[in-house]
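You will see chain A twice below: alongside chain B first, and alongside chain C after that.
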Partner chain A sequence: MSLRILVGCKRVIDYAVKIRVKPDKSGVITEGVKHSMNPFDEIAIEEAVRMKEKKIAKEIVAFSCGPTQCQETLRTALAMGADRGIHVEVSGPEYETLQPLHISKMLAKLAKDEQIDLIIVGKQAIDDDCNQTAQMTAALLDWPQATSASKIEAKDGSLQVVREIDGGLETIKVKLPSVVSADLRLNEPRYATLPNIMKAKKKPIKKLAPKDLGVDVSPRIQVVTVEEPPVRQAGAKVENVDAVVEKLKALGHA
Partner chain B sequence: MALQLRRLSLGLAKFQQARNASILTSLPETHELLRKTCRDFAEGELKPNASRFDKEHLYPKEQILKMGEIGLMAIVVPETLGGAGLDYLAYAVAMEEISRGCASAGVIMSVNNSLYIGPLMKYGNDQQKRDWIQPFVNGDKVGCFALSEPGNGSDAGAASTTAVASSDGGWKLNGTKAWITNGYESEATVVFATTDKSLKHKGISAFVVPKPTPGLSLGKKEDKLGIRGSSTCNLIFEDCSIPKENMLGKPGYGFKIAMSTLDGGRVGIAAQALGIGQAALDCAVDYASKRKAFGQSITKLQSIQNKIADMALQLESARLLTWRAAALQDEGKIFIKEAAMAKLAASEAATFISHQAIQILGGMGYVADMPAERHYRDARITEIYEGTSEIQRLVIAGNVLKEYGV
Partner chain C sequence: MHCWFFTSQVFKSLPGKALVGNSRNFHCIKPLLQSTRHRPLVETITTLRQNLIKSLGRDSVSDTEAIRKQHSRDEGVERHNHLADLVVWPKSTEECSIIASLCSEKKVPMIPFGTGTGLESGVCAAYGGVSVDMSKMDQIVNFNPEDFDVTVQPGVTRKGLNHFLKDHGLWFPVDPGADASLCGMTATSASGTNAVRYGTMRENVLNVEVVLADGRVLHTAGENRRSKKSSAGLNLTNLFVGSEGSLGFITKATLKIYGIPEMMLSAVCAFTTIKAAVDTCVQILQSNIPIARIELMDDVAMDMCNNHNKLDYKVAPTLFLEFHGSEDSVKSQAKFAGEIADYNGGSEFRWAYESEERNRLWKARHDIYWTTLQSNPGCRAIITDVCVPITRLPDLITQTKADIQESGIIGPCLGHVGDGNFHTFLVFNPNKPEEFKKAETLAARMTKRALDLNGTCTGEHGIGIGKMNYLEKEMGPVGIEMMKSIKKTLDPHWLMNPGKIFLSEY
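The block that comes next holds the complex of A and B.
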């Protein structure tokens, strides 16, 4: 097998940062805040690189959509072992209202243009927690999908994927080409080696506009307000179990 | 993942050209990416374990191996010998990030890079590089550097360890070396011994000695105040025979080799001190942002703000000095004064910052629940090893006066 893999890498606010809402409640503060690659997308890149090392894949294309700084995200992907990057530049208000459907349309178009055999994305992004992009992309392409993957094995033109589902683990077989979304336990991403970081600088990143892919990124939603979660209230102590039940009933919870 | 021995098509000279003097404002893109990788590694692999390494005096073997895989144990060594093929600025950036996670891992990395591999790269012949550098690049084996003795530290010219020529052309070493970092885990050492006492410091030569070897024994592991994850002990040479191929550089060049090696080592230790200082500053600001007194967060209090300003100022100043020394080294220019300034500034910054960090944390700074006390203990050694602050001042003054021609 020698697959060409497309990996989606989203630039998100770093998981360790304390999120703060803008004073005008229009969104969260992103200016000057540390950003990194979505952790699930790091797992996706790592899986693609491992497939290339096992000679199952021949080329890895990393994709990111967003402002100029997405190039840094792509450089990280290249340093980890991707061969080239594609940056679809979207910024400003259009970036704020970008939705999984827009990204899915871009991935679908790129899959056709670049003759992709396998798309791997993280199962969800840690900023919007949508868990939609893989599924929508598969539907747009009419390709099979294997989401929340915790193990991928390539066998004779198809993939055997173990999925983490609510009830436990489900093993399915999907024919290629297909879309897979990476879950937490799929692998542990590597640290880029110093020589690879140097080499990443030479790898090409192609810049595109959404219209080059025929995708309209005008907003489909409008953000009304963004607020912090309510401050946690103090609890109340009661004497015994009956009193607990009474209290719960009174508060409308039972 | 094995370290790949690929040839870099990128000429290092071309890369250095592109990276101009704008390190005054920001690091070049590659170095930023490198810094991020090292920071992620330090946060993931070192920071969660640093307290345990300290409490248990544990050598971080697993982490050193992982650092080796990334290329951190031989940063400036060319890829042909299995190193990462990067420059000294990259080394300084990497040292700071690693030390920010764990100061012990930092010193183990620094000794291997600057003090062991450093002189071998500069003064070793091709065979010596193959025998003594190549196996020591991936974290599996580490080296050490033996100059100080129980009777002399700063006074390096007074070395009393002797190397007497044997009839087979080899050498027999006798004497004791003290305060050797990586003493226990290292599998080779660069050691300095007097071959001709009448020539005083021009009679000292450098040798590379494998460990273990007959006639070389180790003293007890020192029970140190800080950097407890790295081992420190005496190396005791008793009629230790080494073949003639093991002399490093020319006879009588030992002192020169030691001094030039220490210049490079000073950039590494300066960067280690920056890492410790940064970690202490991070700890202090994090605590202050959450602590309330007199009805508000203590970050609103002037006393705390004054401290934070002074801490940040010392750290940034030392960092710029460190980067400049590294950049001069990369350009092949003389950097003795700048290296001394960097090491002095950074080590005094580290002790100042960690001292103030404890003060900001108050009682919490004094207990092991918070890392402030460990940073305080780790910082202290940076003013002593690889040239005491007093020696750095002599070096700086000597160079400044020479510049004035007086």
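The block that comes next holds the complex of A and C.
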């Protein structure tokens, strides 16, 4: 087998950061905040790199869509072992309202243009928790899909995938080409090492605009307001059960 | 010289907040704390509290019992049930300075609190006072990846820092078991499994910002200086590394960071005797193999580890090894080490390259303290931390193990054999004072043996309260005098973390 794998890498706010809402309630503060690759996408890249080490894959193409800083995300993917990167540049208000459907359309077009055999993406992004991109991409391409993968084995021109589902684990066989989405227990991603970070600087990143892929990124949604959850109020102590009931009645709960 | 025999009776009658009636047993160091110190008076604390609220805001000060309790203990053996009188959360070095001035003015003890993951009761409020929780100062203030240095505030933990560094291909290798505060690690001169190759905090702290007891701010290597080496004046930085909160509040630490190794290979190997395992370790080091980690777990520890983590290692003295470097160098190091192990009768080699395999292996090692406690529900453990020159290790461990076996106490032996440092967790039931006594006696005998073998009573955990008995024998009278002299210069009223390290103030 020598597959060409396309991996989606989303640039998101780092999971360790405390999220703050903008004072004008139009969104969350992203300016000056640490961003990194979506953790599920790191798992996807790691899986692709392992497949290349096992000689199942021959080339790994990393993809990211967003502002200029997405190049950093792609460099991380390249340092982990991807061979080249594709950056579709979208910024400003169009970036704020970018949806999984837009990304799926881009992935589908790239899959055809770059002759991709396997698309691996993270199962969901930690900022929107959509869990839609893999499924939509498969539908657009009319390819089989194996989502929430916790184990992938390549066997005779197809993939045997163990999926994490509500009831436990499900094992399915998917023919190639296909779309797979990575779940948490698929692997533990490697760290990019300094020599690999240096080498990654020389790997090529192709820059494209959405229209080059025939994708219209004009907004399909409008963000009305973003608010923080209500601040926790202090509790109150009361002397006895009757007082509790009084209070509950006064608050309209009984 | 005054001798106060501190029992719970005496404390109940002193003015101050009432002690909580508690069914937990406390293993007090009996008449060892020789001091004329009293707990602060209620009136003093009330006034201090008002002043602190005025300067820091209501949200930064607490006198709630639950909060004070949380801040008056760590992860080690509970030595007493004294609570801090107040807990405060400074948000900056300036606020820390204000706290120090206010407390000094009223002669109230101050105890820096990081993550509370210490093992020697270093944060316990032996004489009440103010617990200064540094966790709100949680910024990485200066990061210079190409210079391999980073400056952090006390709220940054080692795992937090490593998460921040990983995208740059860098890491901070000092790894005590807990996810401890880096400034706290500076205060205890912490070490970990990687010390054999990368050193301990002593070798990796370039500069420290300290708020002294009187509120002055000190930069031990000069403000913002971060050169890798310096011959300028007296080495104040290393004075504070390991000072356990007794000389001031560490509000920033500048740390040396390293490139993540290109390849990491872990291996496990079982031996028939402890001596064979330790001999293998000594020989690996003498072959100058730049091994990154070499850890020992004895059969008792392996058994608990298997049961708790559902693993299937052989129940025998085992070495856990890790090699770092390029692919070629790692493979040749491992091959050579394998030959040495083989020569000493090692068997059941297991290797792991992949991240999840290696992490599973090392998690089992890092969690062994918790595993020990959970395997003996309701029990606590005295943790020993002796460290001797490497060639003395085989005898020390063998004698210690024999001693433990004879006593009937459960005591896994494990640790950083590459540094000549090993731990035992001497398990005792808090409801059986005779078990505690046996455990204490074992610990004392082991420490005496280690000191006789030119070693130290504590390789990495610090003195705190737990090892106060041994410091005088280890350092000798001139050493102790010197330390107290320095302490008195920096903290003339003995307000910084009193009741720790030294048996007496005089």
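Basically, the second predicted complex is superposed on the first by the 231 of 254 C-alpha atoms of A that agree within 3 Å, B and C clash if a C-alpha of one lies under 4 Å from a C-alpha of the other, contacts with A are read in each partner's own complex, and residues count from 1 in each chain.
The rule we apply is simple: a contact is a pair of C-beta atoms (placed from the backbone, for glycine too) under 8 Å apart; a residue touches a chain by one contact, two chains touch by 3 or more.
Every value quoted in this text rests on a predicted model; they were computed, and no experiment measured them.
Chemist: Contact-wise, after the overlay, does A:D129 reach chain B, chain C, both or neither (first, second, both, neither)?
Modeler: neither
Chemist: Can A:P195 be said to touch chain B (first), chain C (second), both, or neither?
Modeler: A:P195 sits against chain B and chain C alike.
Chemist: In the overlaid three-chain picture, which partner chain does A:D142 touch, first (chain B) or second (chain C), both, or neither?
Modeler: A:D142 contacts neither chain B nor chain C.
Chemist: Touch check for A:D242: first (chain B), second (chain C), both, or neither?
Modeler: neither
Chemist: Using the superposition on chain A described above, determine whether A:A79 touches chain B (first), chain C (second), both, or neither.
Modeler: both
Chemist: After the superposition on A, what does A:N187 contact: first (chain B), second (chain C), both or neither?
Modeler: In the superposition, A:N187 touches chain C alone.
Chemist: Where on chain A do the contacts from chain B and from chain C line up?
Modeler: 16, 76, 79, 190-195, 197
Chemist: Touching chain A in the complex: which residues of chain B?
Modeler: 1, 3-4, 6, 8-10, 15, 29-30, 33-34, 36-37, 40-41, 43, 66, 69-72, 75, 79, 84-86, 90, 94
Chemist: Would you pull the chain A residues touching chain C in the complex into a rising list?
Modeler: Residues in contact with chain C: 16, 34, 36, 76, 79, 187-197.
Chemist: In the complex formed with chain B, which residues of chain A make contact?
Modeler: 16, 72, 75-76, 79, 190-195, 197-202
Chemist: If we count contacts the way the header does, which residues on chain C are in touch with chain A in the complex?
Modeler: Residues in contact with chain A: 160, 163-164, 166-171, 259-262, 354-356, 359.
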